Amino acid sequence: MTRSIDLNADAGESYGAWIMGDDAALFSLLSSVNVACGFHAGDPLTMQRTLVLAGQHHLGIGAHPSYPDLPGFGRRILEAAPDQVYADTLYQISALAGMAGAAGLDLQHVKAHGALSTRAWTHAPTAQAIAQATRDFNPALPLLVLPATELEHQARALGVPVVLETFPERAYLSDGRLAPRSMPGSSIHDPAEAARRAVMMATEGRIEAIDGGYFAFTQNSPFEVDSLCIHGDNPNAVQIARAVREALAAAGVEVRSFVQPRLS
Amino acid sequence: MTRSIDLNADAGESYGAWIMGDDAALFSLLSSVNVACGFHAGDPLTMQRTLVLAGQHHLGIGAHPSYPDLPGFGRRILEAAPDQVYADTLYQISALAGMAGAAGLDLQHVKAHGALSTRAWTHAPTAQAIAQATRDFNPALPLLVLPATELEHQARALGVPVVLETFPERAYLSDGRLAPRSMPGSSIHDPAEAARRAVMMATEGRIEAIDGGYFAFTQNSPFEVDSLCIHGDNPNAVQIARAVREALAAAGVEVRSFVQPRLS
Amino acid sequence: MTRSIDLNADAGESYGAWIMGDDAALFSLLSSVNVACGFHAGDPLTMQRTLVLAGQHHLGIGAHPSYPDLPGFGRRILEAAPDQVYADTLYQISALAGMAGAAGLDLQHVKAHGALSTRAWTHAPTAQAIAQATRDFNPALPLLVLPATELEHQARALGVPVVLETFPERAYLSDGRLAPRSMPGSSIHDPAEAARRAVMMATEGRIEAIDGGYFAFTQNSPFEVDSLCIHGDNPNAVQIARAVREALAAAGVEVRSFVQPRLS
Amino acid sequence: MTRSIDLNADAGESYGAWIMGDDAALFSLLSSVNVACGFHAGDPLTMQRTLVLAGQHHLGIGAHPSYPDLPGFGRRILEAAPDQVYADTLYQISALAGMAGAAGLDLQHVKAHGALSTRAWTHAPTAQAIAQATRDFNPALPLLVLPATELEHQARALGVPVVLETFPERAYLSDGRLAPRSMPGSSIHDPAEAARRAVMMATEGRIEAIDGGYFAFTQNSPFEVDSLCIHGDNPNAVQIARAVREALAAAGVEVRSFVQPRLS
C-alpha cells in the first residue's frame, strides 16, 4: 500500500491590482489550495480566476475564510463575537463554494486563515463558531486543523470531519504548538531542511521539537498527518514546494488531495 | 381561477450597528424579500438574521447584489467591467444562497440593487453579466427585471427565467421607463394612490404614464406583471404595503410569492 | 469663582445612508463633541456636515479615531501593531482637523473610540501610539482620557495635555475601572440618577463604587474632573443630557468646553 | 537662464501586505511624488513610510485623492455627487497633509488619481468639487492638471494655482486629449522615445499628435509645461524615468520640483 499525503498552500491572495505570490507556478506542485474569500484578500474576480486555474491543475479546493481585515491581511486578532465569526465564516464558505460550483468545481475543505486560525487554536468559542459554520454549510465538508488545538477539539465535538495539517517550514514546541515567530529558528528557510521535515511528518507522524524531544501529531499512529502546508507568500515558496515534493517521492509518498477525510 | 401576484421589498439593509428600515413590521405584509448581500448593506450577521426572519414569515428569498459601495449604499453607478460585474454578482448570490441553505431555506430569485440595476436597464454588457452570473449559479433561478429593459432582454436571450416587476410608488413614462426622480410627481407618497396603481398593474398589466397615455408592461397579456415592489427604506413603507395588500385583496388578487417563473 | 465642566458626546456616527443618533437635538445640550473620522463611522460627507453643525453650536471639536472596523463599529479589539495604531490615529486626526480647518474651525481635542480606547486603558504600546500620534500632530492638542489608565499615564509621560473624563451613565469599580457591561447595574438608565452622579463627579471629583466605597478620580483635588461624557447612541441620550445639564446648573456648575487643558 | 521642469510619479500605492511598484528605486530619479491617500491604495502606515522616504529624497509631496475604490484601484468612474467628491477629496488631502506635517514635511500640491481625474477632465461639477476642496484646504495649494481640460478651467475659475502636467509615455490627440488606451500606439513603451517626447514637451511646450499635426499645451508660450508624469506602476518605470532624466539633462533642462506655481 502506498502512503499518500496532501500538499496545500494558500492561494488567490491577490486583490484587484495587487499581486500576491505566483499561483501559476505553485499550483503545478500542490494537490490542494486554500482560496481567499474576499475578507483578507481575493476580490471576486481574483477568486474566479483562481478557481479556474485550480481546476485546470485538478487541485482540491478549499475555502480560506478570515477576519474582515484587508489592511492587516487577516493577520491581526479581532475580538469578534462568536455569532459574528459564525456568520462571517459561513458567508465566505458560501461565496467560494458557489463560485466554484459555477465553474464546475466542488469544494473539498475549509481552512481558517491567519489570525482567525490562530485564535481558534486556543479560544473555544471562536473554534466552535468556525466548526459550526462549516457543518451548517455541509456536514460532510472537512476542516483542515492544526493537531492538538481547540479547533481540532471543537470540530470533532461537532462531528465535522477533520484533516490534520502540519507545517514543514515552521518549528514546533514539544507540546505541539508552533514556535512563536519571535523565537530564533522558528521558521525554516532551507528547502532541503523543509523537505526532510516534510518526509518525517508524512512517514513518522512526528517532528523534532525546538525545545527538545519530539512532538507526535497524533497519539495513535505515526501515519495520521493528512496534509502538509507550504506558505505561498514566501519568496521561495516554489523552491520549497518542489524540494518537498521531490523528497516525498523519493520516500515513496504520493502527493494527492485527501479524498477520505478523517471522521471524528 | 384566482389571480395572484408577488409583493416584494428590499430587506436586510442594516449594517453592523446601523439599522435601516423596519424589516420585522414589513415582513408580515410581503410575499418575497430581496436580501442585501454585503456590498451595499447587510453584513453577514445581518444577512443571517434577515434570512431567519424571512423564513419565519415564509417569504420567497431573493439575493440582492450590488456594486461594492457601502458609503454610497449602492446607489452610484460604478463603471465596473463586465467581468467584474459578473464575479461580484456571482459572489453575492453564492454568499446569500449558502447562508440561506444553512438556515434550511432555498433561494427563490435574484434582483439587482440600486445603481447596478439602473445601469443594467440600458447597458447591455452589465445586463448580460448579471444574467450570466445568475444562470451560472443556477439555470433555474429567476431574475426579477423591470419590463422593457436591456436587463429583461439579456436575461431572456440567455434563457434565464424572468419575473416582471413594477413599482406602484413610482411614476412611469409612456415608453416604460421610470420617471426620473427629479421630475415632479415621480414618486407616489399617498398610500391610497399607490394601492390603486398596484391593483391596476396587477389586474390590467398597465399603468397611466406621467407624460400621457398608458404603458402596458407586456405586449401580449394584461396579466403578466409578476411582482410589485415596495420601497422598504421609505418612512411609510409599512403603511403603503398594508394599503396595497388590502386593495389587492378587495380586488380579488392574492398576494403570494411566484412559484412558476416565466420561462423565456 | 464658578466651577465649570465640559459635557461631551460622540457624534457624526452616521455612515452614508445610515443614520445614528440625533446629533441636531443633542448638540444644543453639549459643550464638546467627538467626531467620527471614517474608520468606525463617519464618511467624509457626514464628517463635514457634523463639523458645520458643531460650529453652529459653538462646540469644542474632537477627533474620535478608531480601529478600522465599520462592521463592528470600532467596538472590537483589533490586535494592531503599535506602528499601525500610530499611523491610523494620525491619519484620522489629520483628516478631521483638515476638514475642520476648511470649515473655519479648530480642533480642540482627541479622544480614542470604543475598543481602541478600551485597549489603551491597559495596553501600554497602544496607549503610547495614540499619545504619540496626538503629539506629533500638534504638541498642544489635548487627549481626553479615563483617569487612572495606561492611556493617562502614557499621555503624561509624553507631555501630551490630558483632559480627565468620566461617565455619569456608567458604574465604576473601587479601583477606578468601569464596571463591565455584563455586571448588573453597570449602566445607569435613569436620567435623574445620571444627573446626580454627574454633579458628584463635577463637584467632588469622586463617585460611589459599585463594589463599595468611593473612587476619587484624582489623588490631589476633588475638582479635577474636566469633562463628562454622555453616550450619544443611547435612545434616551437627549433626555439624559438635559437632566445632567439642569442638575449641573442647579449645583452652580457651568457647562463649557475646556479651554486650558491640564498640562502633564 | 536655465529651463527647469518637474518630474512626478504616483507613489505609495502599496496596501498592507501588497506591494505596488518600487518607490525606493524611482524616488532617486524624481522631483515630486503623488502619494496615495487610502481610497485607492495607501493604508496609513504605507502613507507614513512613503512620506518619510520622499522626505529623504527631498521630493515635492502631493496628495493623490481618489474615488473610494480599493478593489478597482480607483480606476473606475463612480458617479459620486459633487458634494461627495468635495468631501472625499478634502478628507484625503487633509489626511496626507497632516501626516506630512507630523513628519516635518509640507504639502506641495494636489493631483487627482485615476478615474476621478479622468472624469474631472470633462465633467464640470466633479472638476469644480476637486478644485474647491483644494482651495478650501489651502488657497495657495496648487493643483496638477492636464492642460485644456475642464479641471484646468474650473481650477483657474476658482483661483486655484495650476501646474500643467503632460505624459511623455502617452500619445495625444490633436485636440489635446490623451489618445484612448484602446488606440494602437496610445502608450509609449520605448524609453528612448519617451525621453525624446519629454524633451520636446519641456523645451517646446508641444507634442506630435497621433492623428496628425501638433498639440501645443498652452497658447501663449512654448515653455509652459510645468511637470512631466511617469507612470510608477509600469514594470519599466525606473528605466523610463532614467532615460527621461538623462535626456532632459542633455538638453539643458534641470529636473526640480515646481516652486512658483502658475497663478490663474
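Should a chain be cited, it is by its letter among A, B, C and D, assigned in written order, with residues numbered from 1 in that chain.
Following the convention adopted for this analysis, contacts are C-beta pairs under 8 Å (C-beta built on N, C-alpha and C of every residue); 3 or more make two chains touch, one makes a residue touch a chain.
Here the structure is a predicted model, which means the values were calculated and not measured.
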Residue numbers at the chain B-chain C interface: does the shared fraction exceed half, giving same, or fall under half, giving different? same
Please tell me the distance, in whole Å, between the geometric centres of chain A and chain D computed from their C-alpha atoms. 43
Go ahead and note the Å separation of the Cα centroids belonging to chain C and chain D. 40
Any chance you could list the residues of chain C touching two or more other chains? 43, 71-72, 84
So what shape is it, when you link every pair of chains that touch: line, ring, star, complete or other? complete
Across the complex, what residues on chain B touch chain A? 38, 43-45, 47-48, 83-84, 86-88, 90-99, 101-102, 133, 136-137
Complex interface listing, chain D residues touching chain A: 14-20, 41, 43, 70-73, 75, 233
For a test of understanding, state which residues of chain D touch chain B in their complex under the given definition. 68-69, 71-72, 76-81, 84, 115
